[in-house]
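Quick heads-up: structures coming right below.
Both of the next two complexes hold chain A, though its partner changes from chain B to chain C.
The block that comes next holds the complex of A and B.
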């Protein structure tokens, strides 16, 4: 880690913003109905279970990285050698790139469905990616700063929940725990998909000053995400009933519809525009981390890696045409993410424990 | 480098051609109310009311109605376009009216087009109209500039006082939700006025019955806490007095939901006597008599209403959902089967706190 000069690093508390920004993406605009499918009005319990389980994963990731004192690419190399390790890193980078693609394409879809139906995907993709490029080129400090900015700009959106609570049916949440344990677990699996994203820390952790200090902030970031989801789910559940929720694709966006300000009748347009401050840092952190990963893996200049990536993502973005494809993209990417986090990370953790012991006995 | 930058800027400028065209307020026609009339079994007549602003200050807009007949409502709008000098925009739609015959056939398909459209708000009012919505929308009312504005104020005012609250969201909430059924305000045109006749009771999306305006007030008491609203009670022979509701609360008690359910509904009203000709209301013992009298009258009437709801097999109050929220492992199927025979008992308690400023 010593090879990264201090003027390129960011403060440990930045982990808080970077973790929440990456977790809260476009999923929150409509994840309620997916988790409610299996656990109904008890799905908020799953939000808590899911959130807490991610704290364990964060702890694992920090243990894995701090032992080798490197990013995931270094860890792969140390544990599996150059070729297998390289291949694993490559697959991981592809997964990360597809998460960027998913966020970008879903956001574009939201714009197309809610605001400009005739908007061309390519046009808005070029603009967003161009914007992202101009930030990423500034380095991780700029990207991290953007995520702080996005965090504070979108924080007031919480206040809008007030309008939904005015019309709330609190009995919708009763009776508590009316679903079986397996229902709750199925919903927990669904909700973990919305906590995905923080695993990019595998790539940018060496850029945090005193990484061990940042762990606390990463945990807090995850808890903040949990808190956000909890409020979102709670409000959507008391405003819609379960059957209605199943007919509502974007529950949170639909809730913005009822915001009735004296100067703006339709808040959802402003909300979707503001959401750019959630999506943009999300894309930027992703782009920066992956291009950094490619740079580490293949000794290509980070800038050229970034440009190639932008091009590939742009092409993929145009290839996804309709709602069904966007939906498939979302589900597939989240499924892969689910296994990477719940299977691969623990696997890596165990392998490292074993190989550490083997190395010790060899040396001793 | 400079050349490169110029090239980028130039490319970006070319991109502007790909952007969606702008919508300018003066160039579109904002539909503020729509009415659907029954035409034949699978045809609907759609009437869109447009308020056209006039030149000059303080000149009220004039309203125009465009009509078309077709199978689906979107198609109808396309047909209307043929008569209209400007394209229609429905983003500012405030009211959707359904003719009573159509409402008896079912209105979900028509409401669905409204909920699907992202440009529409959720606080849109829906209402059932006795008779043709076309004539109702075409009429010029002296009470307000345009029919849509009139309707908006009328419904707004009445939902605060006498009829249950209901807008697009509430309709969808009760339509989709299990253990509850929608209700909509029922309107009728009378000369140059529009009257709230009462409440239309719906089973799924079909109107199956209706309540008078006085009964709508009592139904509202059973459904939601509210203040305002006036109810007239007969007191001895030809003496009448009216109670104004200052605040009301409703409580539900369910017994033995899983086997043979029974429901008790307790309504508590705090009110004041707003009109009592020929009755000396300053007498405290008389106040008590008035309370008992109004309790008795309301008890009888509300129990009648509940009976009617059960007879029609509509759960407008949402008792099924309330029972679900209090019972683990609630069985909707069983409840629905039992609903019409469940003993439901309403008990009204009236407390008169004031009787005006004179003694």
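The block that comes next holds the complex of A and C.
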């Protein structure tokens, strides 16, 4: 792994912002229904279990990367050789690209459902991808800056929960632990999909100064995400009853509808516009990481890799036409993500342990 | 081919720059005498010598009172004798033709023993006509010093130096501009300012390639990191106290002769919204005023675009009670909101531009007549709505609260792209336009330092003087963005020492 010059690197604490902004995406706008399906009003326990399990995964990723002192492409190459490793990296990059596509397409779907039903997918996709291009072209510092600013711009949206809490029924949460363990686990599987996204750290970690210091920030970022989801789930559960929740696709967005300020109501219009600052960091960190990965893998200029990716994503974006297809896209990509994180990362971890031992005995 | 190229290059150089290339002494004198205001006087009392100077640059009184009396009544053999007898310093004896050409055109007096003798004594007699130091006009403050820079570099340096009477206060001078040869000073405090910042500033000023530099704003545009950005990247100030204050923070200032403004950098975007008066008021007041100003800026940029967005696409966002007012005001308007808004914004810009171009007394009248008469007439004729008129007028007012003139111009301009995006995509369009501007700001640098620090890169320590201004006892370190060599401003322990009841 060639050393990255220090003025291109970013501070370790950036891991906090980059992890949470990657995790919180479009899913949070309507994930309550999915997790309440199996665990009902106890689903908040699954949010905690899921969040904690991701801390273990972050720890594993840090261990894997710090041993080789490289990004995932370097790790693959070292462990599996040039061809198999390259193929694995390629598959991983495909997965990452499809997460970018999912986020972008789902956001466009939200805009089309809630704000502009007649809006042409191609037009808005070009605008959003152009916006992403203007960030990614500035390098990791600009992209990281976007995630910090996006974090602070959207932080006040928490205050809107006040309007839901005004009409809350706290008894909705009782009795606690009313569901079986397997129900909770099923809900946990559902909630993990919303924690996905931080795994891009596999690609950008070498760009953090003193990566070992950034680990605690990554954990904190994950905990912050957990905290956000917990509040979201809690507020939605005390506002809606379970029956109602099963018929509410976008629970959080629906909650914004009840906001009633003296000069504005129907806050979801403004909320969706502000949500741009949640979605954009997602897309930009993704685009930056994948284009960087392609550059590392095939020695193509990162700029041309980025342009090609934008084009491919744009084409895929207009190929997904209706609500059903967006849903399928979401489900499939999150399933793949689930297996990558809970199966492939531990597998990689074990393989690396074994190969480390083998190498040691060979050398010794 | 190569031979040809070289020759061509040389020719070009002599063409554009009269002081370079081969020039003989008689040729120079011929050139100088071609001007009507150049005079050569032969003095022959005891000994003969020639005095040549530009009558328009040298005060004749100086020649007759401070120069001639000392050398007319004595026997003089050569230039050394003259130099010995003159009670002036800074005299140069030279036979370098270019030196003579440069100095004489700046206002030196040339003394020769013989008319065709290429050796001469150059006597400094700079008589510059200066404006009196007056009160600051664009950065006026109610309390605090009332001195502003004038058009003379030396006077301006004096104004700063008397506020920082330390030997570390360093002035580096370079000459810029092929024709104007403007003196440009790069000012910093040695031991506080980061050497990299100083070197960047010096190098950028040295790299300027232009024929004439009239004002420091030329330099501002030429050395800025991104020439195409509408955002100013160096602060332009006319207050010597502000310059002295930022120098002590570790910044670098650039001043040009003939310009009543200093440029300071590296700067950040939040500084453009801090008036120097903020430091003259108690910190609580200053902080609140600064926050109001920031909100004013946000209001100024976003209010009319949001009006257009909401009235074009999202009527549902308006609460019932407010809706009645809005509908009543827009009832008879024949135009869509965007047209209404653009027409009103443009007319406000017209008023502002007319007010700025006209002499101040007429300008005021134009403002009042235009504002009241046209505004009322437009509403009564049913061309614009009352509400939008209020919004646009308030937005214009809010944009004036920006203390730095360049920035308030930028804010004027910014709302037009927002308006277009609002018409195109409603509130979402406003968000997208904002995201484009954030992307631009994130990429922008000032003298190589990030422009939107301390927001990003996030420096919690620098936030004490950004959106709010905390008390002086907490301003114990210089901004870390500037990488000052000496970080501490004061002894923190002594400044924050707690006293017991009866101490």
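Annotations
In this text, the second predicted complex is superposed on the first by the 362 of 364 C-alpha atoms of A that agree within 3 Å, B and C clash if a C-alpha of one lies under 4 Å from a C-alpha of the other, contacts with A are read in each partner's own complex, and residues count from 1 in each chain.
Operating definition for what follows: a residue touches a chain if its C-beta (ideal position, glycine included) is under 8 Å from a C-beta of that chain, and two chains touch if they have at least 3 such contacts.
Since this is a predicted model, take the numbers as computed values, not measurements.
In the superposition on chain A, no contact is made by A:48 with either chain B or chain C.
When both complexes are overlaid on chain A, the residue A:175 reaches chain B alone and has no touch with chain C.
By the document's definition of touching, neither partner reaches A:223: not chain B, not chain C.
In the superposition on chain A, A:266 makes contact with both chain B and chain C. In the superposed model, A:274 lies in contact with chain C only, and not with chain B.
When the two structures are aligned on the shared chain, A:116 is found in touch with chain B and with chain C.
In the superposition on chain A, A:243 makes contact with chain B only, not with chain C. By the document's definition of touching, of the two partners only chain B reaches A:258; chain C does not. Put simply, chain A uses residues 115-116, 127, 260, 265-266 to touch chain B in one complex and chain C in the other. Per the touch definition, chain A reaches chain B in the complex via residues 113-120, 122-123, 126-127, 167, 169, 171-172, 174-175, 178, 240-244, 246-247, 254, 257-258, 260, 265-266, 268.
On the side of chain C, the complex with chain A involves touching residues 313-314, 316-319, 322, 425-428, 430-432, 435-436, 438-440, 442-443, 452, 455-458. Against chain A, the residues of chain B that register as touching in their complex are 15, 18-21, 91-92, 118-119, 121-123, 169, 172-173, 176-178, 321-322, 325-330. Of all residues in chain A, only 11, 13, 111, 115-116, 124, 127-128, 131, 134-135, 138, 141-142, 145-146, 148-149, 260-267, 269-270, 272-274, 276-277, 280 touch chain C in the complex they form.
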